[in-house]
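Look for subunit A in each of the two complexes below; its partner is subunit B in the first and subunit C in the second.
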Partner chain A sequence: MIRGGSIAIVLAGAALLGAMMQIAPDYNSTVQPFRSHVAAGGTGEARSFRARFAGARLADRIAFSRFGTEFVHDTDGVFLIAEIEVEATIVSQRIDASWQGASGRRYALSRRAQDIPRGLDSHWFQPGLTGRAIAVFELPPDEVAGGELVVNNSFTAVFDSALHLAPPEPAGGSQSIILFEP
Partner chain B sequence: MAASIGVAAAVLLGLWLKVEEVRAPQELPRIVPGEPVDLGRVELTPLSLSLVPPGQEGEPARLLMRARLLNLTGESQIAVFGFPPHPPELAAGGAAWPEPEVILDRDGAPLAQLHPRLAERVTLVWQVPPDWRPGPVSLTFHRQIFKLKDNLYGKSSWLLFQPAARMSVVPEGAP
Partner chain C sequence: MKHLLWVIIAAVLLLANVVVGGWTEIADLRRAREWTVSQAGEAGAKLRGVHVRVDQVWAGSAPNLSERALVLVRLALRGPEAARQGWAGCDLSLRDAADRVWLPLISTDSEGAVRVLSPDGENKGRCNPIPYDAPPDRQEFLSDQLFLVPSELLKGARLRVSAWGTRPEALEFAVKPVLRDLQ
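Presenting the complex of A and B:
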């Protein structure tokens, strides 16, 4: 009888532990930025900056000049050019952005568009001054509609703010080429 | 007593089956050009391997492998061949060659990033050692293991590499 009781206690403990493992949030869902969703055209307020998704354009090719050399890049997908207005609220800082596509996949800033004029990757935002920068993403066309721009602190977004900005309507269809001029 | 032995045996058997499941296969699958291989973060399809003579005197000849790369993950990758990088390992006569340069064909520049669902044509460039005599070469492809919940924090992690496939081929253009 005593043995039966012990076995029952062990089984109950195992069942309890199993249940706790199933319902406990895992590391990936716990260690995350704090998300705020912002409607199209709205300004989002993060811990150390505020940002607005000002405009979006699509292009089949992009062209720019870097260190005196002309570059023209094409893609099998489409280039999404996002214009972002940002104001730092505490200290001068940089901002990182990614595009969360309609499928949920994350597209980082295109490194093929690094160092474009007014590019987000090289832009510092100052407290009290609203700066405008350009983020270029390369993605399949069906990831654009239904996607959102995710903007966060450039160093680490974990346990910091991340703004999920709904896109404004892209101006017209996809242009054959967009030239970035200083 | 019998129940304890039974439980211990079941635990050990379960552990052994798990180890067997993740153990690298003794004999690697052989692939041929055109056949895709899963490297963990990307799927690589070798298309051709060719020997290119030196452009100028004093330069080494180059071995070029044209390939198609497709990002299999849910986010843009800068570590296309994993971290630390494990690009295809080329060996000839039992000696492994230094790592290749990976060129994005559409730009003619080093590949910096690969986005999900956007396959790219790339060229892997090896500099041919001066003492190499043209002949068959062997390419070993490594896959990095992804674990959704690792044993330390339960976080998703890219872990060890293990050989995934091998390809033996004579480069085009070899005399």
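Presenting the complex of A and C:
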């Protein structure tokens, strides 16, 4: 009788442990930044910066000049060009951005648009000064509508804040080409 | 009695683990923070064997962007090479009364801006305490750092200087920029 009780306790413990292992969040999800949702056109306040989604355009191709060479990129999807206004509030900093599509998938900045004039990936934002930068994403067309721009501190977003900015207006028709000029 | 011995050994090992891990974390934190800040005058001050002086500060605004200003800080370092080794990773920042922090600009555009702001048209390069062409130990050598700040900061900014080997100690200087016309 006593042996049966001991076995039951061990089995119950194992079941409890297994259940805990199943529902325990992984490390990556426990250290996510704290999210704030910002309505279209509004300015969001994060721990160390404030940001506004100022404009969005769609294009089938993008063109820019880098180190004296002209580049033209096209895509099987669509380029989303997001204009962002950011002001650092504590210390000079960089901002990282991603696009969360309607499906929930996250899209990083397009590496094919690196070093465009006023590009977000090379822009430092200063306290007391509002800076305007451009973020370029390459997306499947059905991920544009219903999506949102996610901006956070570039160096470490762990337990920091992230702003989910709704687009200022539904991105309309796609332009055939957008040229980025200095 | 035998069990008590194991408990004591486990407790000692746990404590040792906490001390060793904690000490490493605290040492890393001290190298990253400026907790002990000494105020320095125009003549400069010595920290960890290296004399630091603000040689000149110039500032300028574009007429159509008068709310923002570029500030160029020319810093002078002097000291024996052994002491200057501790100044590797020399960091400068500008601060205001609210303790907001502006870091130097690092971009391809800042090179040209430094040459425009400095009256001699030269760029001395970023603060590097152990350059390959260092002058003799008793001579100063210069470096240039460019900042983009709100114009209101020109009324009363403070410059803070520290390095890997000095932190948590740092030096702080009052900054009085010479205004330059950029038209």
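Odds and ends about this structure:
Simple rule for what comes next: the second predicted complex is superposed on the first by the 178 of 182 C-alpha atoms of A that agree within 3 Å, B and C clash if a C-alpha of one lies under 4 Å from a C-alpha of the other, contacts with A are read in each partner's own complex, and residues count from 1 in each chain.
By definition in this document, a contact is a pair of C-beta atoms (placed from the backbone, for glycine too) under 8 Å apart; a residue touches a chain by one contact, two chains touch by 3 or more.
Predicted model, so just to flag it, every value in this text is computed and none were measured.
With subunit A as the common reference, the superposed partners subunit B and subunit C fit together side by side. Of the two partner chains placed by the overlay, only subunit B lies in contact with A:E138; subunit C stays clear of it.
Angle at the C-alpha centre of subunit A formed with the centres of subunit B and subunit C, after superposition on chain A: 100°, rounded to the nearest 10. By the touch criterion stated above, A:A108 is placed in contact with subunit B alone, subunit C being left untouched. When the two complexes are overlaid on their common chain A, residue A:P127 makes contact with subunit C while staying clear of subunit B. After overlaying the two complexes on the shared chain, residue contacts for A:S92 are found with subunit C alone; subunit B is out of touch. Contact with neither subunit B nor subunit C is seen for A:E45 once the two complexes are overlaid on the shared chain. Set against each other, subunit B and subunit C differ in how many residues of subunit A they touch, and the higher count belongs to B. Taken over all C-alpha pairs, subunit B and subunit C come no nearer than 19 Å in the superposed arrangement. Within the complex, the subunit A residues that touch subunit C are 89-92, 122, 124, 126-129. Interface residues of subunit A facing subunit B in the complex, by the touch rule stated above, are 26-28, 31, 73-77, 98, 103-108, 110-112, 138-140, 143. Across the complex, subunit A is touched by residues 74-76, 78, 106-107, 112-113, 115-120, 149, 153-156 of subunit B. Of all residues in subunit C, those touching subunit A in their complex are 67-68, 100-103, 105-107, 148-150, 152-153.
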